[in-house]
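Letters A, B, C, D, E and F mark the chains as written, and numbering starts fresh at 1 in each.
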Amino acid sequence: MKKLIRGLREFKASYFSTHQQLFEQLSHGQKPRVLFITCSDSRIDPNLMTQAQLGELFVIRNAGNIIPPFGATNGGEGATIEYAIQALDIQQIIVCGHSHCGAMKGLMKLDSLRSEMPLVHDWLKYAEATRRLVLDHYSHYEGEELLEIIIAENVLTQIENLRTYPVIRSKLYRGQLSIYAWIYQIETGEILAYDANDHGYVLPQSQLPPSEIDNTLFDPPAIRNRETPA
Amino acid sequence: MKKLIRGLREFKASYFSTHQQLFEQLSHGQKPRVLFITCSDSRIDPNLMTQAQLGELFVIRNAGNIIPPFGATNGGEGATIEYAIQALDIQQIIVCGHSHCGAMKGLMKLDSLRSEMPLVHDWLKYAEATRRLVLDHYSHYEGEELLEIIIAENVLTQIENLRTYPVIRSKLYRGQLSIYAWIYQIETGEILAYDANDHGYVLPQSQLPPSEIDNTLFDPPAIRNRETPA
Amino acid sequence: MKKLIRGLREFKASYFSTHQQLFEQLSHGQKPRVLFITCSDSRIDPNLMTQAQLGELFVIRNAGNIIPPFGATNGGEGATIEYAIQALDIQQIIVCGHSHCGAMKGLMKLDSLRSEMPLVHDWLKYAEATRRLVLDHYSHYEGEELLEIIIAENVLTQIENLRTYPVIRSKLYRGQLSIYAWIYQIETGEILAYDANDHGYVLPQSQLPPSEIDNTLFDPPAIRNRETPA
Amino acid sequence: MKKLIRGLREFKASYFSTHQQLFEQLSHGQKPRVLFITCSDSRIDPNLMTQAQLGELFVIRNAGNIIPPFGATNGGEGATIEYAIQALDIQQIIVCGHSHCGAMKGLMKLDSLRSEMPLVHDWLKYAEATRRLVLDHYSHYEGEELLEIIIAENVLTQIENLRTYPVIRSKLYRGQLSIYAWIYQIETGEILAYDANDHGYVLPQSQLPPSEIDNTLFDPPAIRNRETPA
Amino acid sequence: MKKLIRGLREFKASYFSTHQQLFEQLSHGQKPRVLFITCSDSRIDPNLMTQAQLGELFVIRNAGNIIPPFGATNGGEGATIEYAIQALDIQQIIVCGHSHCGAMKGLMKLDSLRSEMPLVHDWLKYAEATRRLVLDHYSHYEGEELLEIIIAENVLTQIENLRTYPVIRSKLYRGQLSIYAWIYQIETGEILAYDANDHGYVLPQSQLPPSEIDNTLFDPPAIRNRETPA
Amino acid sequence: MKKLIRGLREFKASYFSTHQQLFEQLSHGQKPRVLFITCSDSRIDPNLMTQAQLGELFVIRNAGNIIPPFGATNGGEGATIEYAIQALDIQQIIVCGHSHCGAMKGLMKLDSLRSEMPLVHDWLKYAEATRRLVLDHYSHYEGEELLEIIIAENVLTQIENLRTYPVIRSKLYRGQLSIYAWIYQIETGEILAYDANDHGYVLPQSQLPPSEIDNTLFDPPAIRNRETPA
């Protein structure tokens, strides 16, 4: 705790003092462009890994980056999604799973969770479509490989769930909303993005048109880096 | 989206490449010390404002940093709390509200939300104790001042809710768990921490014993700053 | 009631006696090929309008041909879907709305239902995505025209809901299941089927490849007609 | 699917064209006299077996012809019942079970359903009173005989559940509503109706007063037969 | 509070000391003969008004002596009923309403409760059948008279709800359980019992066969009076 | 039943006739000072053991004196608490457990209850914090001793649950409400009250200031005894 309290003072002394204009502006309201849904895992820091500034990402975090279908529960996920789309007019949603996810490991040993961690057990009900799909089609995999498949498919399951929300369905209807499936690889620090064309996850820059990739490739990263503000 | 994708590359090129050992270590498991529960608001970045490293904060984020009482819903909050306490053995919980919170503003005009944003309306049921308390005791306040009171009291309401979870109650019973109430002031970049002695929020360093404060005060913040890794 | 009881005897004396072999066979088990989900409306008779024989259609009927998303309720819809797919191995689902649907009219005056017919009001929550979509994009329509749009879109909403069921998602994953959106026009006795290519409903025979259409067109209907068994 | 599409055309060409006046009339509204609640089983066709015309039967179908008690779930059953009684002013309800019912077989092996078909398992909770009653009083039966008892008692259980709905209770109070328990025997094509006097199921014509039975017996069935319209 | 604490000592000094044998016996287990379900109203004391001894009445008390139908809620009522019937083998249930019931008054002004006392509002859902019945058939009554009708009918509504519990249905099936509807008149200190023959409430002794009434009439009450133990 | 009916007449003839003024007064309304929450156990009579008069105790009784957290269920507990605090302005709540409690015994063998008494099983979910706490900290106890600990801790668990109700939290906030934890010892006829200072249960008179204890000690109990009205 002492360490965190020191951190607060450091933040105030350094980051805050060099970004006072940003904080002044943020105190008048937020206008995030992206709803970022990811796991509670401590190894994930959405702002750090996307180098997004304060004010850019509206964030939902829970164990397993799970979204119960509309009407299935009165939890925070639905309300926060509704607020993001309806009140903040966000037009991009990223559902971001990650390698080594503890919740997804739980999906592989669901029965033992029933008495050990009953709330986790019940929560994983909303990833049951993932479990069933993997049982039906990937039962010849096991261990790490199976876990990777579960993680990858679960992001897509949750996007199916997302589509049942009235605000989501209405925005998708006219193409006013985009939903992306991402997976964060802790060991490489890389994000892979889902590509529906070949049902695979790829580096997201490969999804941009060539001109924009080039543009990206030659950007000297240091300059835009959040970590060394001019 | 292009900006985020560039951000991913920058992260890989700069932060990841300078912290490879950390990522290697994290890929073998997480051991966070703190469960950090806060709002989805885009102006909050828990790691940035506490200067915590990757791997230190297990994070729950939803609109209004609300925790339904045990058994009240099958949402992500309960499962994630159970996982944090039971599977990760976390012993410190911070519930962190913030100034200008849109969800708390919603609590002030609940009726209009019923048809406009029904999921937000229903979700705020778990902050009803906040609303009732403020109606009963602070009806002579209004506007910004009233909102501040709501935000401050709501963090305490949610801690009452937290206490009904079996894993929480059991750990609290023997003093194996500490719960902190924080409020993040966007305009000043400061955290205020609840002090039960005078039912007020204060700068958290004022809660440390004198020797530790001194220690803190003369720490040169720049050195530990995450933003300028050596 | 007397009329129905006479009907029972007529059925036994005529239809049953001319189809004894079929009944004998059915008494050993069912093997339906289609799960037919439609409204409770008395003007719909799935077997009659598809001229399907006994044993061919597994049928769910409720007000508004609505399917709550997975996990949203412990009603008959989910269990019956699970049984159809899992136990009966059905590979085709038809969700069939219809013109002049009273439940869909209810969606246009939801507020008045809250006290008048509270259960209908609550049930229409699972068609809220339809209502929202139509409010957002078709508010310039009214009356009969608006009702037609609601009916047509609601079938698609319900198919989105269907996709969240684990058994459905797993079968769809490998193309082992087809889902069709139909609308039955009471006044013309015709079915229109959804064509995703142009987001429109068309006569289903237009969706068959030419060779099969021809085949269909010249089939003398009388021969296969259920009403005049040889 | 091709077969069904052919069926649609046959229906239009034959049945529709010979009943155009009926369809014209139905397009202006429905006025069904009976709410018919039965199983989704493909071997049941309510209109065919009662020889009822289009427009006469308002139909609920789910696995097991189960009606959750009032307030127990937000499924289609309650809403559809409310609509039938309140909006359509229906005054007769038939709950119709059937021989060889798969859902009722499920009631005999409930434990194995928990993991195999969890939604069916949970749905059968509303037939738990049937299961308990049979366990307590008929444990000396087994196999087909036991199944028959379960089917017969379950129809009565569901009628108990029905009685808890406000609209039902109010109508029953003044004798404005009649509820009938039927069982359809697939192998004989016969319906048996519950007779409360001797807690048994009998041919329904035996429940009519003698004059009406005679009337029934000598009605030449062919004339009123739906299958051979003049 | 002081008064209650004095009461505890008085109880110990007087009642307990004169009934030590009873307490010794009760400490080895309870064997109540009756499940008594009544309102939380402070003017009701089930043991006092029936002069039942400790150990005779198993008691459920809530606002309005309401029993949600089976499956409608995970509240204390269902569990306590199940325990009474299943674990204690109780064979008599009394549902006892009372004059001037505040919960039943709430049923007459339900809308105003929605914001004032939302939990009471939601709880009265399980008396909705009472409200509906009275609206439909007794709308020409008002004030005290209407309240009396509501109170009387609600006891019967709750008995309908009771009948949906598996343990209840099974016991009723073979006549192993009796359910009584009572109303306690605060102003006269009298109980009225429901008589199904004329849909009315009467003094319960009028329901006993003549021989037993006589027996009752001439019993000198003082002797059996709990208040003056020999 | 005959015995109870005789009891009713005795009550009318003796208690009622000697307290007519009280009943007259009660018929105009109740003004209880205490909300008394206790188990349904037949060996408990709240009025008798506190020697409280009719009109003094507003009573909730269910198996295990359990209070689900706010929002966890639509059972009678929440509504009755809300009514007690909001409509009756009660300022003292007693949660009273008791020795030999059958519900608490159930908590020790939860698994076997799942099929035997499923409603009791599900209801004990709201005492899960008790079970967990005892498993974690008192696993070296067993039998009667363990049961005593469970009973004692469960009263405190339920008080934690109570604190999540909006009306409770608001009243506690300004010290307008007191909550007491009691345990009734059937074998000694004594109440023990929780003393937070040493986490123990003591005779409640030991909690009064000395002057009031003396006052209490020398009060001749017989005089105020409800059992021998003058």
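Criterion: contacts are C-beta pairs under 8 Å (C-beta built on N, C-alpha and C of every residue); 3 or more make two chains touch, one makes a residue touch a chain.
Quick caveat: nothing in here was measured; it's all calculated off a predicted structure.
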Centroid-based (C-alpha) most distant chain relative to subunit B: D
Chain pair, A-B or A-C, that carries the greater number of C-beta contacts: A-B
Equivalent-chain rotation between subunit C and subunit B, CA atoms, steps of 5 degrees: 120
Longest centre-to-centre distance from subunit C, chain (CA-based): F
Intercentroid distance (Cα basis), subunit F paired with subunit B, Å: 37
Mean-CA-position distance for subunit E and subunit C (Å): 48
Two or more partner chains touched - positions in subunit A: 68, 72-73, 118, 125
Residues of subunit E that touch subunit D when the two form their complex: 68-73, 125-126, 128-129, 131-133, 135-137, 157, 160-161, 163-167, 169-170, 173-174
Complex contacts: residues of subunit C adjacent to subunit D: 1-16, 23-24, 26-27, 29-30, 32, 34, 40-45, 47-52, 54-64, 66, 68, 72-84, 86-87, 92, 94, 99-100, 102-103, 116-120, 122-125, 178, 180, 186-191, 204-205, 208, 212, 216, 219, 221-222, 224-229
